[in-house]
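I have a structure here, written as structure tokens, and I will follow up with some questions on it.
Going in written order, the chains are labelled A, B and C, and every chain counts its residues from 1.
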């Protein structure tokens, strides 16, 4: 049932994990120590710990079980997710503290450094979503580690070049992760033949597990968005939680409405729901620093759900799932051309680059992330009179995209060899 | 696999959701703002947030996955639950703040208003349990919104007529929800033919998901019962949590014991367990304000589990589940008549009204709720010497029932048209 | 589908549960009261409550769903677990407060006494893991109640004879539970014929539920290890959480690596993962009081995962799972003899005692627990100059083992009659 890997995989994966893990232990042995100051960022230990647990639950349950809809990956998706997440979190702890390591010779561990590492892991898990079912575990581990390196580099560049606070640049993980994953899957697609997609059959029986993972993400998303906010300003945290909850609620309702309208039989398409009810959380996460009113959050959730559902529908319109054997085909060029005038961007991407996106991360994370960025942009301009910050923000986002693409291209070459 | 709805449904559900959602956004745009005072009711933001998350987990996981035991509703039960819960919560936020909206022009959002709205949603989800599998999503959304309106009206009447504190009247949600749901299913039953019940097949394969939902409810029930208590009196919260936990533990053991005694093969009936292990939590929730000793809580849990299991057994005694195709039949009149002397109330209800209760909400919520009310009544009389409060309490409960029935009747007429 | 029990079971289980439950209610009625002092052990009510909920989630979801991999026990494993856990927790609350009952006539209930009772329940659930699928519910309840009695007795002896603090002796639950369970299964094995093992078929379809339970344990294990630490020293709690998380992360990666190396086809063996990713948490829990550096925790997790995976592999090497009907056979003596030189201890145990360990508790809890004890021993000697404490610790551990074996033998005789 499980996918057959090349015989050489066995000789590689075990030793690779051993070498990497031993390396991580050595780095921790020489440099890491537990922070003696518990109250980081204005939160007590217990408050930071519940934030950490909520994010941890999202990483392990949410992303792990969300990917169980693939027939041959139901079981191993959870295992791979656990493996990738634990490796990546250790690596992210080290990377995030490189600067303090350089200056003081110590990596300080506290609840905040674990939360930040988990959030970096989320960006890797978003990328993984695009290549799942087409890659072996060795590739997955490499992709995840390189993605996190790129994400931390991106954050460092944004901080040093543009003075963007880490709390804000962190939330760009959806855009970074989605475009990184799409670039990787584009490179892999060009190299591989189409027969490898056969691994990606969708199973409706394990759909409830996938739904379980999605609901875990939905419920704990407000914690995710508010985890990095300082405990010194509980009003800001309250605003963030209320905005996130309302945006998620509105996007769940809207995604259901759009899904029913698109379906010729008037049924809920649960793949739509799974992909699109989270779009409000993604968009509000990116635009959080400037959202002040509840209705702004609701409107962002509304727009994100419509964009996400339409994006998903167009991307999957050619994905014919047959009754008996549910085969995933490529996009029908004719249908795609007809709707070209509707969403030029996606069609262009699909026809020109021919990338293949397993978990629909473009419509789940990429498009709502861009919408959130746009909302951030518009609200920022509306709030401040001078254009300095607006220009700065535009420059900042272009940098993000440039860095994303360069990192993913260089990473793709590494994976290819 | 999924149920076939009338073709007109597609043209109604999508626009209906759009219109309602747009209406909610407009109301929030003109009136809602996030409360600048974070410490509501003596709890810090973080404490209120963990309460909110526990209730949110119960609403999304507990009620969502509890209903997956229906063959054709495994998948869509979770989706419908998500849709109904998000719609209802937004509506409940508005309704609960109508008074402050009237006086100050503002709906204030804080963690407490979200928790109260979620608890109102629970009362709607209880009602939904009776009609699931017999109704389409448009009806479900309408029933839920009208139920919440009735519940908030009921709370307002109790507060203004009888000076019942919202914390106490809130917990009557089990009685209100159960009788509302039963009235609706009675009206629907009279109108529809029996062939519609075919949708309600029970699936033993998805039983583990149903068990998962039940355990979510069981584990977080102490949080649900204590969520509305003031943070200023942690002793009261501790008493509430200990009482709820002990009542739930005792009702789990007792439900298992009664279930084994009833089963001719001496096996656990897991439908019994799923319906009846929660009865202790329901009963203790209603009687919480006057329970002072742990043993009182345990005795209430013991009695609630016996009442709930026997009620479930008598109600489902004619529900023959065949080996191969598990068809749900109507109650055998002969068996029901034989046990008439045992529980006259239920038989009367079934024979006379012929209502049909999918998730057995009468035995899960209705009967334990009434038992909790009775325990409240007895303990109150034992505790105070004068009869003024006792009389007041009796009047108060009669009012609740009257309002419930009138609201549900008027709502049933609305649904029928 | 469900196992057929002897007809006499029905007449026993129901009344037994009723009698035990009534007894518990009577004891609580005469002696228990809710503590009026909420801030126990330096933690506020809310902090203790989140600790309690995390442990409660582990007990109900973790252990409940972890055992669903047995074909005939998928459904009832969760039910039995709920029943055993609720009975055992009530019994443990009474037992843990016998001393205060004796002196002050009162059992005081607070969040800490509930957490301690839940942790005692975990030790019973570990034991239950060895006999699941071979015993009926009456035996399970008896085994669990006797195990908890033995565990509390053991803790009392360690406290009074060796002045071991309860926080430290509590964590020996893995060693106590594992050896207790193995002794019981050894006695049951000698008495019963082999055909009873037929109940123990493994199901790959319900594997995802089993994985869900394992991930619940993995995620909340840091809460479990830190639940008993005083709230007055948040630095100690932070160290404990960081160490536990790192040990669990390392043991997840290492278990995956060893699993791939052992598998002839280079695949993940998910039974390996399920049993072995928790070993780091077990080992670090036992050695927690002396682990000061993160790398020590990581090294312990690394060693525990290797030991656990190799132990599991050798124990299950003869367990041939056929494609079609997956029959669990006994250990091949030949293979076992070949690897005798590798892990003499286990083979000796298997050949000589012929015990049969359903959930592999020896490799999941027993061996990592012993490794944690060894790490505790080594680190203690390295940290202190005098040998008094080292000698005391050795005596203490020998006492634990002796008490474990005597209690389990006496309990086995009780079960046999």
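Worth pointing out:
The working rule: contacts are C-beta pairs under 8 Å (C-beta built on N, C-alpha and C of every residue); 3 or more make two chains touch, one makes a residue touch a chain.
Note that the structure is a prediction, hence the values are computed from the model and not measured.
Taken together, the touching pairs cover every possible pairing of the chains.
Shared numbers divided by all numbers used gives the overlap of an interface; between subunit B and subunit C this overlap falls below half, so the copies present different residues. If you average the Cα atoms of subunit B and of subunit C, the two centres end up 36 Å apart.
Residue positions of subunit B with contacts to 2 or more other chains are 50, 212.
Taken in their complex, subunit B has these residues touching subunit A: 2, 4-5, 7, 9-11, 13-15, 17-18, 20-21, 24-25, 28-29, 32-36, 38-39, 44-46, 49-50, 53, 56-57, 60-61, 64-65, 68, 74-76, 78-79, 82-83, 86-87, 89-90, 109-111, 114, 137, 206, 209, 212.
If you check the complex, the residues on subunit A that touch subunit B are 47, 50, 54, 204, 207-208, 211-212, 215, 218-220, 223, 231, 234-235, 237-239, 241-243, 245-246, 248-250, 252-254, 256-258, 260-261, 263, 265-268, 270, 273, 277, 293-295, 298-299, 302.
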